[in-house]
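Quick one: this structure, given as structure tokens, is what I'll be asking you about.
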Amino acid sequence: MPIVELHVLEGYKPDEKQRLADAVTRAVRFVVPAAPELVTVMIHDMPAQDYYRGGLMRQPAAARPDPAEIVRKFLAAMEARDLDQARGMLGEGFRMVFPATAPMTTLEELIDWSKPRYKFVTKTYEGFDAMQGAGDAAVVYCRGTLQGEYHDGSAFAGIRFIDRFEITDGKITKQDVWNDMAETRMTTAEGAV
Amino acid sequence: MPIVELHVLEGYKPDEKQRLADAVTRAVRFVVPAAPELVTVMIHDMPAQDYYRGGLMRQPAAARPDPAEIVRKFLAAMEARDLDQARGMLGEGFRMVFPATAPMTTLEELIDWSKPRYKFVTKTYEGFDAMQGAGDAAVVYCRGTLQGEYHDGSAFAGIRFIDRFEITDGKITKQDVWNDMAETRMTTAEGAV
Amino acid sequence: MPIVELHVLEGYKPDEKQRLADAVTRAVRFVVPAAPELVTVMIHDMPAQDYYRGGLMRQPAAARPDPAEIVRKFLAAMEARDLDQARGMLGEGFRMVFPATAPMTTLEELIDWSKPRYKFVTKTYEGFDAMQGAGDAAVVYCRGTLQGEYHDGSAFAGIRFIDRFEITDGKITKQDVWNDMAETRMTTAEGAV
Amino acid sequence: MPIVELHVLEGYKPDEKQRLADAVTRAVRFVVPAAPELVTVMIHDMPAQDYYRGGLMRQPAAARPDPAEIVRKFLAAMEARDLDQARGMLGEGFRMVFPATAPMTTLEELIDWSKPRYKFVTKTYEGFDAMQGAGDAAVVYCRGTLQGEYHDGSAFAGIRFIDRFEITDGKITKQDVWNDMAETRMTTAEGAV
Amino acid sequence: MPIVELHVLEGYKPDEKQRLADAVTRAVRFVVPAAPELVTVMIHDMPAQDYYRGGLMRQPAAARPDPAEIVRKFLAAMEARDLDQARGMLGEGFRMVFPATAPMTTLEELIDWSKPRYKFVTKTYEGFDAMQGAGDAAVVYCRGTLQGEYHDGSAFAGIRFIDRFEITDGKITKQDVWNDMAETRMTTAEGAV
Amino acid sequence: MPIVELHVLEGYKPDEKQRLADAVTRAVRFVVPAAPELVTVMIHDMPAQDYYRGGLMRQPAAARPDPAEIVRKFLAAMEARDLDQARGMLGEGFRMVFPATAPMTTLEELIDWSKPRYKFVTKTYEGFDAMQGAGDAAVVYCRGTLQGEYHDGSAFAGIRFIDRFEITDGKITKQDVWNDMAETRMTTAEGAV
């Protein structure tokens, strides 16, 4: 039964409102075990001339972009090795950690690190989870499986991975990657014995 | 500036309302880039006698428990090898995947799998991310580092891990685990060469 | 989906709120074809110290009694020939019309009118419809069938009737009665031929 | 003092809102004895993009037509013996009862029944009462007097009648009729003796 | 933290809403010691077709003009000795009192009174305070200093004054004036001794 | 018709709410020319556990005291020459100006200034006007007439005065006084000639 009324400054687009309604509905259901169709969200658009704080009119800030969309585009650019586009999506202080690596700050470091490991790798997505963090960063999780080819020409597939991103002001500031590649190779190697 | 009014049936406790306010505030900030202190949440408690749907009074459902708390307790029980308590926290259809394992459905399978790998392992937490999924399950991510001892008596520490849990009706129904253990051992082994 | 918020001065009892919620729900559905369970009514009780008109606090008026209940009691008193109780339920300017009678203003007139017609009559109720009229009077319709005994000792039953009442300030001010008694007797008589 | 806020999906026309405001005002006054001018109704039109249930946008259903208007048109068509138009206003399962008749389901049955009774009859309306019933049907009462001519050429007038209609999805599904015709004739006949 | 929602009939202009928001913000801060930027005012414009009192639509009344603006214009007209314009700004029953004068009702009386006192006088404004009184009149205070020339050719300046105006229906109905002119002259005279 | 909803943290006392309702009603009527009885103010008390800003619970600040009441008490203390009590009501940076005086900062300066002017003086109040200023100070105007006795034993009465006070955090920080005393004496003196 929860009924949510959202008063926001006029100016958000339908898809932004849809994202807002969706996020708020899930936030309510995080605590209140109501069926989704019993959670009502009403957005009250306030024209600037009808909203005052301290007696002053205020302007609405542009909506934050969808962080999951940003992650999708970044991963696609990386897969296509379009480093220029990918680099343009990184924010100040960007920092990434891959399995057992020290923090890296440039995409080139990552390329160097991955070069000896496989010829190429692509991702099959299983799911995205996105939420606002406690601070200004949104957090996006992306998981699925990797497939590709090792340098010895052998193919691999179905290797589980998960990426965790932080997005601030529409830019990626943090990426953490885990996957089963080493475990898989080790297991395969042992199995091969 | 967003102002959120939440109408809920009376009965939620202060800590449940706090969680609700926190989740809704973050949901709003997922789309609207307002500073946290500009997001106001007002909860309007509706006594049962003041709320009607279809002309009928309704009863509030008990709040969902905090899924991050459930995960913390489960992980503590597992670390303490208190399998009885841990098992009691699992829901119907529970299923877990560890690095490169097939899906397991009992804790015993996990114990068997881990036995040859290390004497013991404990976790240092770096962060939890929790949110409601699209369906009825809440999703909890927990990440940090592992430390412990291998069977050869050597110690390990600082190995990154991430767990993803799904919690439905207060029970854990899914656990997915990734970590750098294999990668670390492989790197160490190579390094040892 | 209609959501109704009712702000009233604190003081109405649960059954009065229930009647209010019910009446408002039906009022909404009179125009909006929503399923009943999609019509939400929230009553916001305003303590006297929180409600001001013209800067002055106001006191809530006692709820109007349920007019259908008043009609039921009146009809029961009449059936039991408890004229004192029935008379006590009549308001200033009471006026009643029975089939083809001139307006009557006292219960005694009615008794006199009915005396030659039947020994006694009782009512089986089929339905009540109650609503607020355009002015201060509530309107209650009561319909069903009559059974009883004529002066020749023959019984009758299943004769349709409908009564229309107006109730103002908790008192009955108008009663209009229609039934098929004459038509039935006429038909029976003709049939008897 | 009651203040009513109605949140509905945008799309209702001014006359539909007027009917809504009127019905809700009367519903409130059915329980709260406030003077009409102290009952405020505010309709908050929600554009589809601002209203979500279960995170999904919803479309408003077209308003129900005014059932009293439907009854007026039906009675006019019947008086004009425009059976085609009248028939088009009847819903599935239509059923009508006239004084001492068995239930009839076609207008032709009614015509046959009335034929021996009078040459023609017209209605003078005294009042309509309309409300939503407990279910999906609206209930309309119409009362007044009949005038016309008997087969012997004598005229009649001022004979009280009341009709009760049920209207579902804009169609008449039930009509119940009571009047003083038999009583009047009987009285007249007796008086003639 | 106070959040104010104002429901008004649609039709007020942005500058009128700004004045309304400003007045309401100050009214709230008269009692609640919140920082101005923590007082939010939301104006909900109600289109005429969405607002009903007693089931009837209502029309918004034109906003009252800004009474401080009226006072400014009046004082400017008086300073420019544009008596026609000034006179047009006076309401029924206008009445003014200047230092130690009896009540005057025409501007001519004032001119006569001031003639022997100084050749001319102009005002330097230090501040305006405007508010709605308990009744229909707005109250405007205007204070500052006078400068001008006496009939002996000597100049004066920096003489404190305060005017109190009442404005009803956009017209000035009362003016009360105090200043230090006599005190200043007396002091100067004494000082001169 | 304006309807005002005020959401404040729970904790204000009935007389504080009454002052709030009164101030807000007048603020609305400053712009909207509605009759007082058509301005409705509803205060929604928010328990601390139901109100969050930035996801944090907030505590209500104590209401500001009634500044007109403070002024009344101060003037009474001054009239009674209870300088200790009066001094206790002055705030940091207090500053007062009397007719043609330089700014004074202590009550003793005022006493010295007034000593040669009259034996004693008391006030008859005609009206108070109080409002919140643009900043943190409330402004209180007090006007009426002075009566008392000059040093020559002659009495005076009916001399108009007006005081303007600023009150910040419950303390008087500014007093400006105007009156007709000099004008009156001058006029009397001239008249005496």
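Letters are used for the chains, namely A, B, C, D, E and F, taken in the order the chains are written, and counting of residues starts over at 1 for each.
Convention: contacts are C-beta pairs under 8 Å (C-beta built on N, C-alpha and C of every residue); 3 or more make two chains touch, one makes a residue touch a chain.
Which protein is which chain? UniProt says A, B, C, D, E, F = Tautomerase.
Computed from a predicted model, the values in this text were never measured in an experiment.
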Counterpart interface for C-F, drawn from B-E, D-E or C-D and sharing over half of its contact pairs: D-E
Chain whose Cα centroid lies at the greatest distance from that of chain A (Tautomerase): C
Approximate Å spacing (C-alpha centroids) for the pair chain A (Tautomerase), chain F (Tautomerase): 59
Where chain A (Tautomerase) and chain C (Tautomerase) are represented by their mean Cα positions, the distance between them in whole Å: 64
Multi-chain contact residues (two or more partners), chain F (Tautomerase): 1, 3, 7, 26, 40, 42, 44, 51, 53
All touching chain pairs, where touch follows the definition stated at the start: A-B, A-C, A-D, A-E, B-C, B-E, B-F, C-D, C-F, D-E, D-F, E-F
Chain B (Tautomerase) contact footprint on chain C (Tautomerase) (complex, rising order): 14, 17-18, 21-22, 25-26, 35-45
Residues on chain C (Tautomerase) engaged by chain A (Tautomerase) in the complex (per definition of touch): 1, 3, 40, 42
Chain B (Tautomerase) - residues contacting chain C (Tautomerase), complex: 7, 44, 46-47, 49-55, 57
Residues of chain C (Tautomerase) that touch chain D (Tautomerase) when the two form their complex: 1-9, 12, 16, 19-20, 23-24, 26-34, 51, 53, 58, 60-64, 97, 99-100, 129-134, 138-139, 141, 143, 159-162, 164, 169, 176, 178-187
